[in-house]
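Every chain is named by a letter (A, B, C and D) in the order it is written, and numbering of its residues begins at 1.
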Amino acid sequence: MARQEALHPAHTLDISSALPAAAASRPRTAGSERWLIWLFLLPTVLFLVLLLWLPFLQGVWMSFHKWPFIGEPQWIGLQNYRDLFGAAYFWTTMRVTLLYSLSTALQLALALGAALVLNQSFIRLKSVWRGVMLMPYAMPPVVVGAIWMYLLDPDLGMVTHYLLSWGIISKPIYWFSDPVWAKWIIMLVASWTFWPFMFIILLAALQAIPESYYELAEVYGANPWRRFRAVTLPHIRGAMLAAVIIRIAWNLAKIEQPFQLTGGGPGYETSVLSILTYRFAYLSGDFGMAFTVGLLLILVTFVLIAPFLRGFQKQIKQARRR
Amino acid sequence: MAMYTQRSTLTQKVLGYGGLAVVLLIVLIPYGYIALTAFKPAEEIFDVRWLPRAWSLDAWRYAIEFEQFHVYIYNSMIAGLGAAVLALCVAVPGAYVFGRKQFRGKDVMFYIIVMALLFPFVLLVVPFTILWVKIGLYDTMPGLWLAYQVFIIPFAIWILRAYFAELPPFLEECAMVYGCTAFKAFWRVMLPLAKPIITSLMFLAFLVGWNDFLFSNMLTTGEGPRTASVIIYVSAVGGERVEWDVLMVMTLMAGIPPVLLYIVAQGQFLKTFAVRGH
Amino acid sequence: MDLNGRYSRRDFVAMTAGLAAMGLTTSLTPDLLHAQAGSDLKGVTIVYWNMIGVQNPIVKRLSASIIKAFEQRTGAKVKTTWDTYGSIIGPKYRTNFVAGKIPTVFDGSNRWSGQLRSFLRPMNDFIATLDPETHAGIAWLLPLVEHQNRGYPDADQIYDLPFTLIPQAPFVTRLDHWEQAGLDFDSNWPIRDTEHLVEVLTALRSVTEYPYEVYGKIWDAGDTQLNGWVRSLDIPNSDFINDDWSRSTCDSDAWITAVQFYIDLYRKYGFSSPNTPQSTDEGAVEQLIRGQKSLVHADILNRGTIMRRMRRGIQDGTIQWGPHCPMAGGTTGSTAFLAMSSFSITRQEGPDAAIQEAAAWEFIKEWLMPENQIALAKSSGLCARRDLWEDLKGAPDRYIEAVTSMLDNPGVWSNHVKSVDIQYNLFAPHIQQAMQGNDVTHELRAYAAEVNKIL
Amino acid sequence: MAENIGIRVHNLRKTFQRGRVQACRNVNLRLAEGALMVLLGPSGCGKTTTLRCIAGLEQPDNDDAIWVKGRNITRLQPKDRNLAFVFQDTALFPHLSIRRNISFGLDMHKTYRRAERRRRVNEVAELLHVEDLLERKPHEVSGGQAQRVALGRAIVMEPDAFLLDEPLANLDAALRVEMRTEIKRIQKRLGISTIFVTHDQEEALSLGDVIAVMKDGEVQQVGTSHEIYHHPANFFVATFIGSPPLNCLPCHVQTDNGALNLASRAFQLPLEAAGVASSLRNQGEVMLGIRPELVAIAPERPDTVAARVSLIEPLGSRTIIILEAEGVELRAMVQGETSAREGEAVHLRLDLERAFFFDNAGNRL
């Protein structure tokens, strides 16, 4: 011990000078993980900034203008916003937008049900059924919309035909013209088209739950519902919230289907905000107004997803703590 | 395969198969009906009956011989695969960092990505088209791959981040102690662990490319790589009148490959392992 | 031009059209039929965006065959893009043009090319070089094109050359329903005016619950039968906007009367189905074929559907076309609006500009050839060349007779930059609200105010 | 002592959140080659951070903090340090078989041939009795087995040092004792310097050749089990170590006719023992710390303390008697059984000669 103490200073110096490489390597090691972080982020960030954020900021700028497709833009301040909020159809549009977002709940219900069933061990031919579940999402939404127009045609379609012949309805329902039905029909068709998106994500999450958790739950006598609450739900909550958020956003942002089914009518009854955006941008060629509606759409979507977003952030934090 | 293998009671089986049947019917009735419609002659299109009185291949012949629809199916395949691969290269590293690393400004950056998800895509086509023509990506397959990422990357990062964050802690550190660089730890350990979700996401990304109409139509002409969804629209839906039989044929042709691909890709799922927990 | 080749092509075209009616089984073999002497356009490539092909598979095949014939005749090469109405109405064409992705030549409806006008090349000098026969056949359309563009300072320049026509919108009916209703066809056809229409429909209601259809969907609400009725009351105010494009005409008395009648057919008389606010002529024609409707307004696009689905009905005269009728008390003979499919050539720059434009023009001429015109008339709209109409008459459904009789003094819609907005986007919600029971005058005034704001 | 130094931690400083959180203030450790050191302390004391700094999973603030076998490795990447780390929750790779998990480190360093890797994995598996599990996946083995595999993954590397971060914390009590013995046995056999982090003092005392007690990012004392227990450097070490815990009695030192007395509410005792008296002279308030085994029930004498038995905890080989004297609680531990009864009034003899005294700052007097 004594000798060690005595040697100590010289010893330290000796080694330091003998190993210059160790000191020189400092920046590399200190930053190596940092380097990885930025390198990994770079493509995503570059992509989002260039392709989404620049147009977005330009859009904010445009919303303060009268901005024709071809020609000189003209600064008009908040006039677009005043026009939009003052328009007769504004509240109709807001109402139907909120209603349309509910199709997410339907999608979730279908997807969760299907994923849970297909995660049961006793089901045979699983992979085939999973493939079948995917079908609605494996076709372009425009095509799915057209097919439903065909099936739902009030005078010629198969749905009305069977409903009538089974005595469920006594007169054809004019799905696309009836102001109430038109709202529900765009919602139902969207649900049918997009639920497999959630299904795939939920199934992947379900499959990652270790069997031991279920065994444990069973040992403690949990019934299926409690098993779902105690084991399944916590494990798929993150995936579920992410999928719900994405679907709300996409249901509201994607326009092809409702536009094709009803063109936003009758009147403004099915003119969800995205249809309004499209109308202003490409039918009216008024980009200032289109972006005004677009920004409102972003705001509305954000408000709708905010609760899920908070749940999601909490989930992630919990996961990190574990 | 992590799956609950408890002895199932009869009630559970009945409920399970009952549920499966309901969901299958919801999917299969419309799909089955249009599949059979694809074999109806034009006069029978609006006859409400399942089996055609006279089976007809006219629409098939038209779609394949004249429209060369199979060529566009091939284009869609390339478009979808490219979109999936590119998404993988961009989103997986990003999501990994968001899910498992700490750095300054992380939350802010993440919210920026969330916002990208909310953007009304339909307004992007103008700046995109102008930019794509300018940088020579117009009418090219890479141009389409890149454009599709607008849809894919935000959601891919979301879902992957949740998945990465919930993987067991310390795995990369462990790998690094045992001889990996930070990158190799990601590559050798985290990436294989995320395989189920990556497969799912690649598949969803593939479908984005496969199904997209907005960009596929805006960013190509007949001289470029048009995809099946554009051709369906141009050939069967884009006129004021719909060519129902042609539409049904093309729908079938476009709908089946992804389903088959998915069934095959599930080989990946079957190799799933208990990832979380010990 | 080789006479033999020409006649053989004419035979081919006749055969095609005949087969076209029988379905999609026809396989065109243009290579053999169009083999003709080459021309001086070898090595020239033009880019062509085709929209007329979207009308139906027959037209698409015909387009392909005309393109091929042109390539073989001239040695030029055509790069074709098949596109849709949605593309010219929506963002595709505008955005691509602004971005610099521009075809050499394209076809479209000349109601919608106004927004692209600055990219186009006037064709007057080319038109002057047409052979006398062709020139005489289409000359009657040129004033209409000028009128359509009257708001532009260079309205006398022709940017869009029509090649097929869609007169809006003749009646089509089922003779068997008349017989079932005990209506005498010969004394009641064609329909004389709207009062007569109500009479006939009342009788036909004994056969079908909703014998007629008023069109409410965004694309059909304003441009099928309605403008014709306004026109029969008040020619100067029958378009959506006035003569100098300074304001909307839609709050005029003629408009209010005509729209009120339009709505009445649905709400007061109950001739039109509850689907009215979202109904389309395509749907109505399907129902006509299935016997669920008796008398509707339809256009040539629907004729393709009838040809495919009701061949026998055409041959035995069950399907009968008749001209559009005026409002009771209105003028006859000037009730029709005419939509035109037309070609445009884009402005070319650089050393190849002249040869490119020449090739594009040569290509347009291909479509104006008699046999192609006739083939188009049989599978798409009425052909632009008036001199060929006589050849087309005599079919049992009397379509050509009906539409040509409507074209003595046809109206045209304005090719305003905002015509999509004016005719579809702003109009449809108001007409749909009127269909749901709102006051017609109120809706039309509100609509006119919106239009005035953007003009 | 001409020993070689296996691991040296020199003035290690590690702060988080830009200096706001000081995890390690100035940590100095020195571990002889082949020895086993236990880092012991309550959670948040910086022991895990210290270990992670050694492994390279955290970057120390100073450049010369970590030395292994005489080499400054402070800024080397973890993979280049040739150290093996065992994590609390095993961190086995779920997608790899047990065999691939064990050979992971070998696979990453391409220097070994296949056959060599196989041989070494088999050897280690045998050593750890997991040879039958090699083809299984981690989720198919028990917690104890998983921890053995994690150890195996470390051992197979033949590293310069083992770093174990509470490897037994997730195991049940019986398994923990068994594994503890096994780890010590293997460590002795392999002779590889080892640092073992734990917050369990029993584990620490039984395992460590040397124990370093940490608190608030600082090393409080380094010593053998005996030293730590019997000669704690300060109040914290004395109270942290020992079960049942140290009796702590606030007292003051009085001088009465030149004789020193130790006074508290419950007693006044003469401080006769020379060693004790000299260090306490001139002190006022002191803290008396006395291990329970140094408190004994005795017949009444002037130097005994009156107390009442409030509770008896028989533990088989030993018995703990909880006593109360004038509102002060004391614990006594005796071998075997006791004749004392709950509620009984007794007298206690305190072995002040072997007791500890601390000043207000907690320093040993």
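Some points to look at:
Here is the rule we use: a contact is a pair of C-beta atoms (placed from the backbone, for glycine too) under 8 Å apart; a residue touches a chain by one contact, two chains touch by 3 or more.
Predicted model only: the values in this text are computed from it and were never measured.
Among the chains in view, A has its Cα centre nearest the centre of the complete protein Cα set.
By number of C-beta pairs in contact, A-B leads over the other of B-D and A-B. If you average the CA atoms of chain B and of chain D, the two centres end up 55 Å from each other.
Look at where the CA atoms of chain C average out and do the same for chain D: the two points lie 92 Å apart.
Averaged Cα coordinates give chain A a centre that lies 51 Å from the centre of chain D.
Centre-to-centre separation between chain A and chain B, using Cα means, comes to 14 Å. The set of chain C residues touching two or more other chains comprises 91, 98, 219, 286, 290. Those residues of chain B in touch with two or more other chains are numbered 46, 126, 169, 181, 233, 237, 242, 274-275, 277.
The set of chain A residues touching two or more other chains comprises 32, 153, 156, 210, 212, 278, 281-282.
Here chain B touches chain D in the complex through residues 168-171, 173-181, 184, 188-189, 192-193, 195, 273-275, 277-278, going by the rule given at the top.
Residues of chain A touching chain C in their complex: 69-70, 88-89, 153-156, 172, 174, 176-179, 182, 262-268, 271, 278-279, 281-286. Within the complex, the chain B residues that touch chain C are 41-43, 45-46, 58-59, 61-62, 65-66, 125-126, 129-130, 132-134, 138-139, 217-218, 221-223, 231, 233-235, 237-243, 246. Chain contact summary for the complex, chain C toward chain B: residues 23-25, 27, 47, 49, 54-57, 60-61, 64, 79-87, 91-92, 95-96, 98-101, 103, 219, 280-282, 286, 289-290, 301-302, 304-305, 308-310. For chain B in complex with chain A, the touching residues are 1-6, 8, 12-13, 16-17, 19-20, 23-24, 26-28, 30-31, 33-34, 37, 46, 48, 89-91, 93-94, 96-97, 99, 101, 103, 109, 112-124, 126-128, 149-150, 153-155, 157-159, 161-163, 165-166, 169, 181-183, 186, 196-197, 199-200, 203-204, 207, 210-214, 228-229, 232-233, 236-237, 242, 244, 247-248, 250-251, 254-256, 258-260, 262-263, 266, 269-270, 272, 274-277.
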